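Here chain A shows up in two complexes: once beside chain B, once beside chain C.
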Partner chain A sequence: MKAFQYATAHSPDSARQLVADNGAYLAGGNDLLGLLKEYLVTADPLVNIKSLPGLNKIEDGRKAWTIGALVTIAQIENHADIKKTFPGLHEAASEIASLQIRNVATVGGNLAQHSRCWYFRQRDVKCLKKHGDLCYARSSENRYHSLFTGNDCISPVVSSLATTFAALDASAIVLRDGKELRWSMAELYAEAWKNPYAHNSLQPGDLIVRVEIPTARSRSAYMQISDKHAFDWALVSCAAAAEIADGKMKSPRVALGSISPVPHQSEAANSFLDGKVLDDATATQAADMILKDAKPLEHNAYKMPMAQALIRRTLLKLKGDA
Partner chain B sequence: MKEPEPEKFGAHSRRTFLKSLGTVAATTATAQVKSVAAELEKVNAEKVIGPEAVPVTLKVNGEKLKLLLEPRVTLLDALRNYSSLTGAKEGCDRASCGACTVLINDAPVYSCQKLAIEAQGVEITTIEGLAKDGKLTKVQSAFIEKDALQCGYCTPGFVMSVTALLKKNFHPTAADVKHACAGNLCRCGCHPHILQAALKAAGVGHAAKTEIVNYA
Partner chain C sequence: MPSWPAETKYISHATTRVDGAAKVTGKARYSSDIQANGWLYGMILRSKWPAAKITDINLEQALKVPGIKAAVLARSKEFTVRYYGEELAAVAGTSKQACLDALRAIEVTAQPLPFVVNENDAKKADAPRVWENGPNYKEPNARDRGDVTAAFGQCAAVIEGFYSTPVQTHNSMETHGNTASWTDDGVTAWSSTQGISSVRDGLAGSLRLEHSKVRVITEYMGGGFGAKFGAGVEGVLAAKLSREAKAPVRLMLTRFDEALAVGNRPSSFQKIKLGAAADGTLLAFDLENYGTAGIGAGGDAGGGGGGADIPAPYLYKVANTRVKQAAVAVNAGSARAFRAPGNPPASFGIESAMDDLAVKLGMDPVELRLKNDPNPIRQREYKLGVEKFGWKEKYRKPGSSPGVVKTGIGCAGAAWPAGGPSKNTHGEAQINPDGTIEFRLGVQDIGTGTRTVIAVVAAEMLGLKPEQITVKVGDTRFPPGPGSGGSTTCPSISPTVFDICAKALQQLQTQSGIADARGANWFPACKKLGVNSLTVSGQWIEGLSSNPAGGVQFAEVEVDTETGLVTVKKMLGVHDCGLIVNQLTLESQINGGIIMGMGYALYEERVMDDLSGVMLNPNFETYKLPGIADVPEIEIVLINMPERGVIGIGEPATVPTAGAIANAVANAIGVRVGSLPITPAKVLAALGKVPPVTA
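Then we have the complex of A and B:
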């Protein structure tokens, strides 16, 4: 790690001033310290934002819940009312990394984490994402990479909270130079879809301050498949959320992670599912719609049947919660 | 300032070298800074400090450690290289193996992926802080009794994870133990015995054979 200056901010304004042009915000630090140790980012100064007031709270509400950006993954996992209100969010949180990481990792950090592509993470490789000429994964080892992308970089978004928040139609509130921006999960990652250098739409100095989750969908479910059954990244993750009345789905949303630089969603599939009674055939049809136009690579075609099965299972799990 | 004892210069390890630097500098710093509170206030002020070493006070196993550290020093390095607390081990140094696990306010965390400077004002417990008056804890004894280690490098991390679990959950199931220890890896493959040791320490008997076989 390179030496850096350090400061603790006590208000969002001073955090912004302190971070200036070359600094970085420090919350849980799981991703950032890894990046610093590999010399992949510079952070000078490093601005500790753990003391920013009010950002470590989970607040319920009739129409929407608010989750502060400094809330830890463990806080979400252990929150009894979140388990009841947003079961999918509870499931996603409890599968993230390990207890040691969940105890310090924050919601904001989970959403803002950088690519896990092994070419990006290898300090000696100057890949496309690091402003090199070439995405090495495209022609080499790409078993963990995307089925969809809008640019030449094929590293996928790996935040399973983002997948779940997308299904729940949650918004991230981002502070940009004192003004609050309200972004859907699609907007939070839109830049990574088109720009190979971007991990998300955040610009230097932007700070995720909270996430707001509408309570409109009382059913939610999350599932992932990994190489290991615990403490591992998802090969594919899937979240679904809906209201179910008289057996019919209302406002259903499905999102997938680890197969695209954005949480992968199909508005066509969401509309198709709306008003339908869930059964295996419907779920399979929805899965086909969601995975339409996927472009498997040499080593990641296995993700196609895996995603197909996961969409079906997650939708049926959603129904099973009745 | 106390003169270093001559024999100490004989041991040219990286750790003793770093430690001697830390001690000398910390003594100087202590003279300048009156109290721990003042130090903390200084660190907490919205002031940019570093990159040179700054006073850092850690509370480890109930004792205050006054150190002089660069902001980039991790908690693990502060413990091992600046405080001679070498119980927490450095394995991957990337929050992936669990050998560095310590407790912060009774919750297990990876000390390698946390900066020492942000671990001030909390209770840090390392493996050295478990046994009291030379008497091992139930968890430590159970690890010995169930032969839950081979090379022993991962053991302090596992013991901390199991200790944290048993503070919250007095009657864990095998599944609870696996969930709690998922962030600790043992390359010798002692997981089945570690599971038995955790259950033994909790006094909940031992795992069924199928549970052990299914441990992936």
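Then we have the complex of A and C:
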């Protein structure tokens, strides 16, 4: 990697000052160090934010829970009350990478992670996302790529926390020059939908400080399918959340990962499901609505039936034992 | 003729690895652990072009990078590179970062050339040529036996299938590499190799040194699987860097390097037509096959890398056969020997075709194999396996398992026609008056437990305990031994140790006057040696080893027909390799073979990009290998056949796994996935669930 300055920040303000225009925040480092080692991004200085006070806590609340950006994936996975309150979040956390990575990877880093597209990650290919002329994946090896996108790059978002937070209607609180912005997951990734060079809406110096999850939905579930049984990226992931009263869904939300540069959601499907009793036919119909207008490519059309099955299964899982 | 003892205490029993504790505590020094005095890091610059005419390589700026002590060219300043990742130059320096900086400072001038990286494109007449002086592919001649056309006419059932296997890249736990130290006395290389002698010869040849001036040491190494016989470009470069820098250079390849340039198993695209009489007797077989060995098998293909040809019709006796096959060159890293070269793709193709034919005949797949496999040992193994596996209770008509998640079973057979001894195997033992004994063999432990095998045989023969035997291997100063490949190590060294022990006992009898120096008499006999140690030499002797080994494997899988995910629930391996020397290390090899075969069946595939010509998955993120969560219960049943002597097991253990799993998948879902790896995407496609894509 290229040489860089290194500093430790003890307050969000000093972090912002230190990181300046060309720096990067360093927490777990799983993604950032890989990017630097492959010379895929440049960052100077690296600002260690692990010492920022208060960001490594999970706090429960009546209306919403707060998860600090420095909370590790393992903390979420092992938190007994999260498992009870947001079972889908527990499931998503426990499928991320490997135990070693979960022990150091943070919530903020998981949300902000860069594209895993194998053209982007290939050190000698200058693809569109790296300001080259061409999205190679579009006409070549696109088995892991998007079914939906608003631009020429077809690299999907792979954060399974983002998928789950979207279903739970959680917000990311982003600190921009001392001011807090409250973003939905859709907003957090909106820029990646339209801009091939972006993988989220964060601008230089922006810092995710926490995520707030409303407790409005007591049922949630997460499922993913990968080529392998563990330590593998999702080919498709799906999260669903709802309240269930008298057997009927209230405020249901479904989101999918790895098929779009943003957590893929259909407000039409969410509205359709609202007030419905969960059964196979309803879930199938919702899946059709969610996948409507997908644009499969030569090698990723298998994601269509896979997503269909996952949506149905994840929704039905919401019924639980009730 | 010598013979192995009938009653044994250690041979055919289970002895834990004599070096197990050293390995798990980190005390064992692997080649990549070596820190020679004053050592430098070494690194290689590789071509970023899949094909290019290199017109200049300027090392000047690299040499100015702080910490850099040497920079050398891989070949010359002007030559043609033919694949992405081919070596251009190398540097040595005091830190990894210095080397990385230096690699980026090397100025390479090149004219990119047209390239072709995929087999089907490369076959076309107008494809860019990998080698200027000839086409990438030459239509091969058919080799006929009998009258195939007439025989197909007489068949009650004929199937035609297309079965393909990907390029599988070598991924040992320890990458390729050496620490090389070049002084006035010659070169010492601490090498991660499966052939210390072949590395010595290779280094001496490339560096124009006498053999006596090159010493290769391999105390411990982390796997080779056929890719680590030679000195390698990286070995020669390490030595040259050491000469320039006047310091030892440790040049271990990175995972990225490893994926591109140290060999692979060729792909195969097999069009098979197979026909049988109504009773299942195979009458006719027709194979058209091509595959790629990259730019060619290369000059470093020791151990049988060869081209892309596969043995056919493999295990089966068919009176009428036609085989047509050839390799197609592409701009990609070359093939090298890879655990049972040619056999896993051959097994996958023919075993898939056998099951497809069994379905058409309405016959049990095991019955069809028993009908046509002439090997009596495999016949026995199938019958044993059927019992152990509960085949008859579990077997259902293809696709008839109820529900969304369907179960299926399959089987396949293995052969490894080589696996005999390397007769040029020598060794010695030094016996000291205090009764300690040290064996020295110029063999190396590729990781299979070579030291333990030597200790087990010696302990048996001398009436001692394995832990009382000191074993030294992995040094070209010891009496020469074989390369660890082709399942040859165990049948080479076991008779050699037998011979050393027999001679030692003889000598001890002469010198001590004690008639039988074994067991309780060992220490008194040794004491009589007085002040001088006794050194006894021995070599491989006839009658204690043979070949070939074989086996059969059974797989049980679950296939989720909505998501396409395949889960292997159980593997059973029934194997033979003559006399079992040590059951534990033998079982370990079969476990490893089956897990490697699972990777071949379900996960592994080199992905080349048509547009850029690069490999897209030179890492463990997208070159997928089985992990612990993917590995099922593995049951191993061994047939001990002392009368056959010692035979190796390394290769056959991995041969039939992919075929057995593929057949189990086909049995579960009722349709064939004819292409490895069997990914969820391919399962869904085979089930007709993937919508057509309109461009």
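Rule of thumb we're sticking to: the second predicted complex is superposed on the first by the 321 of 322 C-alpha atoms of A that agree within 3 Å, B and C clash if a C-alpha of one lies under 4 Å from a C-alpha of the other, contacts with A are read in each partner's own complex, and residues count from 1 in each chain.
Convention: a contact is a pair of C-beta atoms (placed from the backbone, for glycine too) under 8 Å apart; a residue touches a chain by one contact, two chains touch by 3 or more.
These figures come from a predicted structure and were not determined experimentally.
In the superposition on chain A, A:V254 makes contact with neither chain B nor chain C. When the two structures are aligned on the shared chain, A:I225 is found in touch with chain C, with no touch to chain B. With both structures placed on the common chain, the touch criterion links A:Q5 to chain B but leaves chain C unconnected. By the document's definition of touching, of the two partners only chain B reaches A:A74; chain C does not.
When the two complexes are overlaid on their common chain A, residue A:E141 makes contact with chain C while staying clear of chain B. By the touch criterion defined above, A:E298 reaches chain C but does not reach chain B.
By the touch criterion defined above, A:S14 lies against chain B but remains apart from chain C after alignment on the C-alpha atoms of chain A. In the superposed pair of complexes, A:L235 makes contact with chain C only, with no contact to chain B.
Looking at chain A, you'll find residues 1, 3, 228-231 touch chain B in one structure and chain C in the other.
Residues 48, 84, 97, 100, 562-565, 567, 602-603, 607, 609-612, 614, 616-617, 621-622, 624, 626-630, 679-681, 684-685, 689-693, 695 of chain C are the ones that touch chain A when the two sit in their complex.
Interface residues of chain B facing chain A in the complex, by the touch rule stated above, are 43-52, 54, 70-72, 74, 93-95, 98, 101, 104, 107-110, 113-115, 117-118, 161, 164, 178-180, 182-184, 216. Against chain C, the residues of chain A that register as touching in their complex are 1, 3, 116, 118-119, 121-122, 124-125, 134, 136, 139-141, 143-144, 225, 227-233, 235, 296-299, 301-302, 304-306, 308-310, 313.
On chain A, the positions that touch chain B within their shared complex are 1-10, 14, 18, 26, 29-30, 33-34, 36-37, 44-46, 48, 50-51, 74, 97-101, 103-104, 228-231.
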